[in-house]
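I am attaching a structure below and will ask some questions about it afterwards.
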Amino acid sequence: MIEPGLYHMLFLSAALFFIGVYGFFTRRNLVTMLMSIELILNSVNLNFIAFNKYLWYDKLDGLFFTIFIIAIAAAEAAVAIAIIINLYRSHKSIDVENAEELKY
Amino acid sequence: MPNATLILLIILLPLAGFVMLGIYGRKYFQNTSGIIGTTLMLISTVLALYTAYGYFFEYVKVDGVYQPLVPLKYTWLQFSDGVSIDMGIIIDPISVMMLVVVTFISLMVHIYSLGYMKGDERFPTYYAFLGLFTFSMLGLVISSNIFQIYIFWELVGVSSFLLIGYYYDKPSAVAACKKAFIVTRFADVGFLIGILILSFYSRTLDFNTLIERLTSAESTEFKSAVAASFMGISALTWGLVLVFIGGAGKSAMFPLHIWLPDAMEGPTPVSALIHAATMVVAGVFLVARLFPVFAISAPNALSLVGYVGAISALIAAIIACTQTDIKRVLAYSTMSQIGYMMFALGVSKYGGEDGLGYTASMFHLFTHAMFKALLFLGAGAVIHYIHSNEMKDMGGLRKYLPITHITFLIACLAIAGVPPFAGFFSKEEILLAAYQNNTAVYWIALITSGLTAFYMFRLYFGIFWNKEAHAHGEHKNEGGFAMMIPLVLLAVGASAAGFIPFGHFVSSDRTRLETEFHLMFSIAPVALGLAGIFIAMWMYKKQNDRPDKLAASLNGLYKSAYHKFYIDEIYIFITRKIIFNLIGKPAAWFDKNVVDGLMNATGNSTKDISETIKGFQSGKVQSYAIYFLVSIIGLALLFIYIWK
Amino acid sequence: MNLSLLILLPLLTAIIILLMRNAAQVKWVALAGAALQFVLAFVLLFTFREQRADGNTAQMLFETTYNWFPSWGISFHLGVDGISVAMILLTAFVVIAGVLVSWNVTKMTKEFFFLLILLSLGAYGFFISLDLFILFFFLEIAVIPKYLLIGIWGSGKKEYSANKLALMLMGGSALVLVGMLGIYFSGAERSFDLMKLSQLNISYQTQMICFPLLFVGFGVFTALFPFHTWVPDGHSSAPTAGSMFLAGISMKLGGYGCLRVATYLMPEGAQEYATIIIVLSVIAILYGAFATMMQKDLKYINAYSSVSHCGFVLLGIGMLTKTSMTGAVMQMVSHGLMTALFFAVIGMIYERTHTRQVSEMGGLLKRMPFIISILFIVGLCSLGLPGLSGFVAEMTVFVGSWEHPDTFSRVATILACLSIVVTAVYILRAVTKTAMGPLTTGFENLSDATWNEKLAALILVAGIIAIGIAPFWLNDLIRPGAEIIMQKISIPK
Amino acid sequence: MNDFLTLMKPELVLTGIIFLLLFVKLGKGIKNEPLLLIIQVLLLLNFLSGFFFNEEGTLFDGMYLTTNMIVLQKNILNLSVYLISLLFAGWFKKSEHMPEFFMLMLSALLGMFFLISSGNLLMFFLALELATIPVAAMANFDLDKKRSSEAAMKMILSSAFSSGILLFGISLVYGATGSISFAEIPLLLYGTPLEILALVFLFGAFAFKLSIVPFHLWTADVYEGAPMATTSFLSVVSKGAVAFVFMATLYKVFQPMETVWYNMLMILSIATMIIGNLFALRQQNIKRFLAFSSIAQVGFIMVGISSSHPVEGVTSVVYFILIYIFSNLAAFGVAAAIASQTNKEEIDDYKGLYKTNPFLSWVLALALFSLAGIPPTAGFFGKLFLLTAGASKGSYLFITITALNMIISLYYYLRVIRSVFMEKNEKPIEKIKIEPSAKLALIICGAAIVLIGLLSWIYDYIQSLI
């Protein structure tokens, strides 16, 4: 059983990032898209923590950053949800493809 | 020393007339304008005569040579050091002679028009234009600077344009004036380029300096001008030839003569003044002005002048035999006579006895002015009476127009070269000169003189004898004194002018040239002339079918001559078909479709592009994100791997 | 005198016009303003000649400099030499005539005159500015008024023409801008000041890049082939005064720019590209002339002939001799007056006959002797009749061009000379058809010119004749300037 | 403590206003009109106070820093918000949620203030989010309009995505340098691939906010869907703020990697100008039209930024943005005045506008000419200085393309002018009665457009602050 190193972490976070991106690109449901964004943010969190642990263990910036990211993510989600609800009110659906009136 | 202000007055009085009558004529001088114009003209004529007298008799010659004087010179437009257009006055035998001729004929025409143009609604305009023309012509003859002569050259052109188009509601007149202007303009381009060449090499525009520089074999200018050559011909020759082309255009030399017959659309007095006596000889005058350069430095150019003159003389004479419009006949005869003057210059040499041709040419110019003006004015009287130019409407008019008849006859005799009338003397000298220098030209000249006699008397008999006379309604008189006085005066001139010892005053090197009279030599031409006269009498004195027979017998020649050898048609083909269709139309099309098309195409293609790429803005937030990520990665790859 | 008056006066006029209540007031204010400009221009002329007579040989007179964006090396630097004075005179003539002929504009009168005056402001500013930046500033100021004038008061396919004009001119000024920046950064010290730039000589490479940019850029304004296509459409759909300003003033901006900026600052570039310029200008001259021959519409005829005539300007510049350069400026002045007058006359005829098709007119001389006499005068001027301005200018260009001994320029000059025949052809076709021949039915009771039209025409005619009869004063005015521009250029003899 | 008050003055005032609004809302005491007036006055005061007793300095050990230039930038933003509050007074008074709207807008502004004076990536990130999220909510403010909510949705989702990207970039920076303070990072940057990657990610995030092609796609949709006030806020205030900070970041933080981002700027600015212009060509809706035109404008701003000259570059960009704010607000103001009464947003509806509304037409014309860069409007000077600054790097091709783009842009601006002034219309927009405050704002904008260019001391003042 080997100790996971920086590169494992980075790989993991990258994977997480791209999973999130993939979800964001493919999912039709707005809420799911929001969730995939959370994935992206979490991958970033992982990055920060990893860097902090393996490279700059004498600093705390990464950790703080992570905390703030979580907080912001929450705020973002709150507003996003509010907007989605409003969208549902007007479009009677939370499918992203029903909201493509504005184009060209 | 002749007085500059006087000479200025000679020129400026007609201009004053033009300005005054042109601007205020219609308002204030509707009827008096004729008198005003004539008076001004009279004054300047007197002044001209006075000047001539002063120059020829009072002014002392320096060892027998008339000095060319420049009493006035003002720098008008400085190009570069040395090269400048100066407005100046040059006084030498030919310019003085021309002053006299122009003012005198112009005065005659002014007087004549008082009767001829009476009651015309644009009477003042007419006199204004006459004034403008006289001014320009006088300015031309006294020009001391080759560019100045070009300037007045253009001005006479435009005033002739205005006068030909005087009856502006007649489409034929409009066409004629356009044609006259454009053809001469075309020739003037040659003149202009000639000027440019000459001025470039002689580094001056002033006549005296230019002549002096280009005739002295050791001057640097001369050397450079001869050294530089194009197509094996020296730049100097090119320059002179081009200048001559300008002269040929104005003087209706073949093949640039086509405008002259049509120019007869103008009022007849105008034809008398411009298209017989004065403007059309401007070409001759120009060559005479530059004669030393021609004769000394570019004999080829001069011989070209000679041949062009001879050919024109002959062709014109042949055509004249077949025309039925009396003014056109006169026009062609004018062309033929100018041909005489030209080749007289052409066969002449510089200085002394060899300069006979020069003297003869100027002499003929002088006499021709008299009798040709007389002929035209006479014809005018006839037309005024008949209201037609066609010979077939005329005949037996001698009863109704006695004075006209006599004067016309005198003129005919003069031009036919019957002694002792003016034409005889001048023509003799020309033939003599030709005989001495160039036999080919001499024979052409001889034939032409015969033809001249023939067609002139064809005209004469056609008008005054031939078929029986029938009275014409309205006015019985010949148009009153106003029209008769000039006829008589000119008739006197036409009969007496020949006795002037012309060589004493005008000669190529301005020395005194004795022109003696060889009886033996002049038998041939006179005989030919008389023969022509008798043939004409035999054919046209009584109404008969001989002319038609003759015409039928030499059918081809007659037809082609009648159609003026189809030269007009050729020109029309060139302009209409080639220039308009092959250059003008394509140019316009090219501009509209290609150049402009390109400009519009750029605009439209931009629009099209923007239409085609609108798909990126699909409205799908997810595809936006995809573009986002893709371009991020693209940029990263670009800058990490490619563009370091 | 203080040159900024030339800018302040139109500015003031424009502002007052905006404050006016009714059309009549607007007209009179505009006329007064134009008249003042006229007077001012002459005052300038006389003071200038006085100064020169007093032996003031400074290159630029009445120089004034105000600080403006010093951090960019921009200064509001004004000054005139003979060339500018000539152009200013031209502008003054055209402006007053333009105001007069548009006396009975009824649609949005206030805006119309406002824009006219604004246009004149641009022109004056352009001609007196000695700083590339403000030169450019005024150059572009003049564009939008033209656009609006054509688009609002125009006729025919006006929107299209207006757009085309604005875009092509903007394209031109875009090139100018780039070239300008090129010069700006080339020198040792960054400066837009013409006088400074002319001192520090610009590197050869920069000249090779910037000269064509600047020349073509300005060339677009003065109908450099093949960028002339805005000319016919623009002129023909503009209102009378608009066409007068366009052809009379605005096309001259380009020529002046080519001279004052491109050639003056970059003599080497000029010499390198001279051949191309000459070729293009000769093409413009002949091809414009032949294209004109095919036109049916009077305005198109004059527009295309402007292309041909402005070709002479470019030819004069391209030939790079003192005389030809002088001739180019003379041609600018003469063509400005002449073409403005031509458009004015066309406008007068159009107002009466309501057609511009030559084929639909005839014998108008009977009904409107004054207008048609003016038409004759302007026609004759355009075909280069001595005694009128056109002749002087063209001859100067020819003589100047002929100073080159090499065959190429010879051929070019001869071709250019040939154009005067073609000019005669199309001018006479148009003029005789319109004026002479039997009177077209329906035109029996047309009236002759009104006082304002007469005044306008006479002012311009006076200018034309003044130059035509006494060219020496204009020559003396222009030549020194031309010599200074030429001083860095040597012609191979 | 004392310098805390002085240095953070603008932020504190804003916070004060926000809290005031909050209390008002809770107490639901005051009507819209007086409240709006109070807000306007306070904003104006905040703006004016920006000119007095400023100090330069840093707080929270370098997390927050302020200089005179930064204060000026804040002032410009503040001013534009003030103008917005004037311009859309009519709309505000009608809507019952005005206090919320202002709360959001002001907090966004607050975010931008912090953004501008952030000295640290964490601060920067927080400020950016604070500046973005409320705007998304603002975009949704036409609660009953479908388009509005769609716009908000697109805004929030794509901005969330972009902040994800941004964070990833930041994490890479942190990983590469081990620091998140702007002061330290440049000392630790060497242009390694990883750092380039990080730069690209950050650049992308900025590009998204500035709507640089190809990160611009959300812009037009959001602008069109959002209420006019939000649109103008987006197009003016947030653009300005991000441009300022973008410039600062590139110049300060990524200074060692200048060549990389210069090339990046060059490519993208050309793309931005061309695409923006090409799309603007074919727009019918005035808001969408202005959206694309503003994208093209950003392309020009980037030209200025690319000069990377600490004095000329910064000054010309700030100067341009100042002008751009007035021009764009004037255009939006006119559009809003028309839309609020006639609900007409199509350019074709503007045909014959001049007949009925000369004032609006002239203001619109001024604004568009200024955007197109036609003298004597200020836009001419702004554009010219941007170009001059950009040209100092001596890339002729780049500058030529830019200059030629000015022609395309002129084409579509003239399209509007044409329909306003030239084209006939049987039933043009009727005479519109403009709110006095809106009229005041329009006059201010018009005057500014004319004067800012001609009064060169304004430029010198900006330069003096560096």
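In order of appearance the chains are A, B, C and D, and numbering begins at 1 in each one.
FYI, contacts are C-beta pairs under 8 Å (C-beta built on N, C-alpha and C of every residue); 3 or more make two chains touch, one makes a residue touch a chain.
This structure is a prediction, so every number in the text was calculated from the model and none was measured.
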Checklist outcome for this item: Note, CA centroid farthest from chain A's centroid sits on chain B
Checklist entry - Where are there more C-beta contacts: A-D or C-D? => result A-D
Checklist entry - Can you give the whole-Å distance between the Cα centres of chain A and chain D? => result 27
Item to check | Whole-Å gap between the CA centroids of chain C and chain D | outcome: 43
Next on the checklist: Could you work out how far the Cα centre of chain A sits from that of chain C, in whole Å?
Outcome noted: 66
Checklist entry - Could you state the distance in Å from the CA-based centre of chain B to that of chain D? => result 78
Checklist entry - Listing for chain C: what residues touch at least two other chains? => result 167
Checklist entry - Which residues belonging to chain D are in contact with no fewer than two other chains? => result 153-154, 157, 161, 220-221, 411
Item to check | Residues of chain B engaged with two or more neighbouring chains | outcome: 603, 614, 617, 619, 621, 625, 629
Item to check | Interchain contacts, given as pairs of chains that touch | outcome: A-B, A-D, B-C, B-D, C-D
Checklist outcome for this item: chain C partner, complex, touching residues on chain D are 312, 315, 369, 374-376, 380-381, 384-385, 387-388, 391-392, 394, 396, 399-400, 403-404, 406-407, 410-411, 414, 417-418, 421-423, 456, 459-460, 463
Next on the checklist: Going by the contact rule set out above, which residues of chain D touch chain B in the complex?
Outcome noted: 153-154, 157-158, 161-162, 165, 193, 196-197, 200-201, 203-204, 208, 214-215, 217-218, 220-221, 260, 263-264, 275, 278-279, 281-282, 408, 411
Checklist entry - What part of chain A is in contact with chain D in the complex they form? => result 17, 20, 24, 30, 33-34, 37, 40-41, 43-44, 47-48, 50-51, 55-56, 59, 61-62, 64-65, 68-69, 72, 75-76, 79-80, 82-84, 86-87, 89-91, 96, 99-103
Checklist entry - In their shared complex, at which residues does chain D touch chain A? => result 121-122, 125-126, 129, 133-134, 136-137, 140, 143-147, 149-154, 156-157, 160-161, 163-164, 167-168, 170-172, 174-175, 178-180, 220-221, 224-225
Checklist outcome for this item: The answer for chain B against chain C in the complex is residues 26, 75-80, 83, 85, 147, 150-152, 154-155, 158, 165, 168-169, 171, 173-174, 177-178, 181-182, 185-186, 189, 192-193, 196-197, 199-200, 580, 583-585, 587-588, 590-591, 595-596, 598-599, 603
